[in-house]
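What follows is a group of structures, each given as structure tokens.
Both of the next two complexes hold subunit A, though its partner changes from subunit B to subunit C.
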Partner chain A sequence: MEYMAKIAFGFYTLIILAGSILAVGAKSLVRSMVGLIATLLGVAGMYMLLNAQFMALMQILIYVGAICVLIFFAIMLTRADDGGEEAQSASVRQNLLALLAVLSVGGILGWLVLTRPLATTGVPVEVTIEKLGLGLLGTYGLAFELISVVLLVSMAGAVLLTWERRNGK
Partner chain B sequence: MSALTLYQLVALILLMAGLFGITQRKTLVGMLISVELMLNGAGLSIVAASQLTPANAMMGQLGTLFVMGLAAAEATLVLAMIVVIAKRFGTTKTSVVSTLKG
Partner chain C sequence: MNAIPAELLRILIGLVAVAASVGLIGLVMVWVERKVAGHIQRRPGPFEVGPSGVLQPLCDALKLVGKQLFMPSGADPILFWLAPVLAFLPVLLLFLPLPVGDGLQALNINLGLLLILAFSGLAVLSVLLGGWASNNKYGLLGAARAVAQSVAYEIPLLLSVLAVAFVAGSLDLAEVVKGQGTWPWNWNVMTQPLAFLIYFVSALGETNRAPFDLPEAESELTAGFHTEYSGMGFGLFFLAEYANMVVVCSVATALFLGGWHGPVLPGPVWFVLKVSALMLLMVFARWTYPRVRFDQLLVINWKWLLPLAVANLLLTAFFVKLAQFA
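And now, the complex of A and B:
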């Protein structure tokens, strides 16, 4: 079983790596979104490996099902793909500076992660959906209600922003 | 190397990819995609840390659920803003979308 888990971990890591490279590097924004979807599915697999099945399902439902559709709408509504606005690649100097920024942040965080290991339990803890539901309605009820308000306000804001008044009709 | 370290390195890869994308992309939609990558890395890190340590696992999973909810709210709002910007400027290139002089 241990062996299978390692293979699955490597597989998902490869999917995440390839997907994120495609998401960041693709010339076409639609392809970039496909890369994002692959990455999200890879992360959902990671959640499965971590024994958090509910999180994996929510990841697919919310990210792949809702956010990626929204991004697709954004691409299509703005015709961002038209004329290949991402087509001309950045200059070498810009690339180097971006790489420097990424490596400095990644280097510091990676060094911290590698040199300060936490005491871990070998096997992921199991949290049943029942417990999660009770937590959402009990201990973390306020956060749950707040997130609903935030979602409602953002949806209302989105409608208000894109509202077009029909003149003279 | 413990399993938690490996998961956190994967989350770090996601963060770095998103950071690279947000500095490289020229359109707002590309930047939105990069932001989603970074948020996902954060979620993976939280869940891994809560599942593999003696910390409260339920809190970690619910925290990531809230991060997902916030990401959905953020994506909705950013979509509306992008549509408005595209209507006003005719493009979503960040180099064109500026009204300040200088």
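And now, the complex of A and C:
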């Protein structure tokens, strides 16, 4: 079965890479979003490979099913075309800086992976939703509540921003 | 070479069976829908081809396959053709965890319900992509409506399903069915009538069926998101709609109507009978109720379905806890 897991890993990696390149490189915003969706689906596949089915399905339900649809809504309402200033090709300095950023992160990660290889672990044990629920509301209850407060604050902030604009006209 | 794992074979057989049944269901539903529409409007419906017109869908399908595929100028070619495929592909996956009979399930996964909910969200993406990529104002308007509608109707749908999951204590469809009994008064619909009603109305909204078929309202938007699709491009959207109907009706059957349970007849027969009855109800609803206005659609959802679903969920949680202490 191990070779099948490797094939699946390669397949998902390919989807994630291709999707993210499309998401950053595409001229049309909607095509970028399709790339983003592909990436998110690939990540869901990776969760599946880690035997975290609940995480994988939640990833699809929330990120692909809800968040991407909302992003799409924003794109459609603003009707952004591909002639904006973001569509211009970047200057040499910007490109160099971007390359530096990629190389520093990628270099460190690559160095870590190459020098400290992790022995292949066995098939991960599936965490049931009961355990997940008990963990979220018991052991990690405080962190869980804090995250919900953060979400609430951001939601209130979004409402406040639109409220002010509507009053100010 | 090792032998192919049994689980993989099971999924493969399941996929083939699903693909075959989706095609068959599509053909049967086209006939049923046209016949019901005809009789409701006091005309016979199709009856020239075959006895009572049963072969009419075959002719329709042949016509659709034979038609030339057009793409409007200025459309995004990749996204335009991706959309109908994306509409149809997840459907094959949605059928896998449905428990048709005791042990008769293509994919036995303990999060089956979640799998269906997650992948049915892809349907609205295909509508969006199709509407946007057509480069057509009607398509875009249909897509914009589809977003607002599906975002709204997904919430009460999830909440009503959650109420049943509370009672059953599982997200596994087969487990939920096993928790119910043979007779109608042992079914979840008796303990959760409100959830069933909310689920059914939201399901009509989620599958873009009349009276909530705003994204393709013919009288205002020509055909909405699929205005520019011809031949099998349209055919795939159409097939996906019927397949989605079957999925939501099957989930309703499993969650609320006791699934394969029933007296005398074998389980799968009962399952198919219950799903067909719900499908027929959906078809009747389409031809008897006028289409709602868009603001009415949103008012129904946000002011009625959502508060009712939340109240139902809270009450259910309260009684489930009470039952645990008693």
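Everything below uses one rule, namely that the second predicted complex is superposed on the first by the 142 of 169 C-alpha atoms of A that agree within 3 Å, B and C clash if a C-alpha of one lies under 4 Å from a C-alpha of the other, contacts with A are read in each partner's own complex, and residues count from 1 in each chain.
Quick note on the criterion: a contact is a pair of C-beta atoms (placed from the backbone, for glycine too) under 8 Å apart; a residue touches a chain by one contact, two chains touch by 3 or more.
Computed from a predicted structure; not experimentally measured.
Between subunit B and subunit C, it is B that contacts the larger number of residues in subunit A. Shared-chain residue A:70: touches subunit B and subunit C both. Once the two complexes are overlaid on the shared chain, A:34 sits against subunit C while remaining clear of subunit B.
In the superposition on chain A, contact of A:143 is made with subunit B only, not with subunit C. In the superposed model, A:57 makes contact with subunit C only, not with subunit B. With the contact threshold set out at the top, residues 54, 58, 66, 70, 73, 77 of subunit A are in contact with subunit B in one structure and with subunit C in the other.
Of all residues in subunit B, only 1-10, 12-21, 23-30, 32-34, 36-37, 40, 43-44, 47-54, 57-59, 61-62, 64-66, 68-84, 86, 91-93 touch subunit A in the complex they form. Partner subunit C is touched in their complex by these residues of subunit A: 1, 28, 30-31, 34, 37, 53-54, 57-58, 60-61, 64-66, 68-70, 72-73, 76-77, 128-129. Taken in their complex, subunit C has these residues touching subunit A: 2, 5, 76, 78-79, 82, 109-111, 114-115, 117-119, 121-122, 124-125, 128-129, 132-133, 140, 143-144, 147-148, 150-151, 154, 171. Per the touch definition, subunit A reaches subunit B in the complex via residues 9, 13, 16-17, 20-21, 23-24, 29, 32-33, 36, 39-40, 43, 46-47, 50-52, 54-55, 58-59, 62-63, 66-67, 70-71, 73-75, 77-80, 85-86, 90, 94-95, 97-99, 101-103, 105-106, 109-110, 113-114, 117-122, 124-125, 127, 131-132, 135-136, 140, 143, 147, 150-151, 153-155, 157-159, 161-162.
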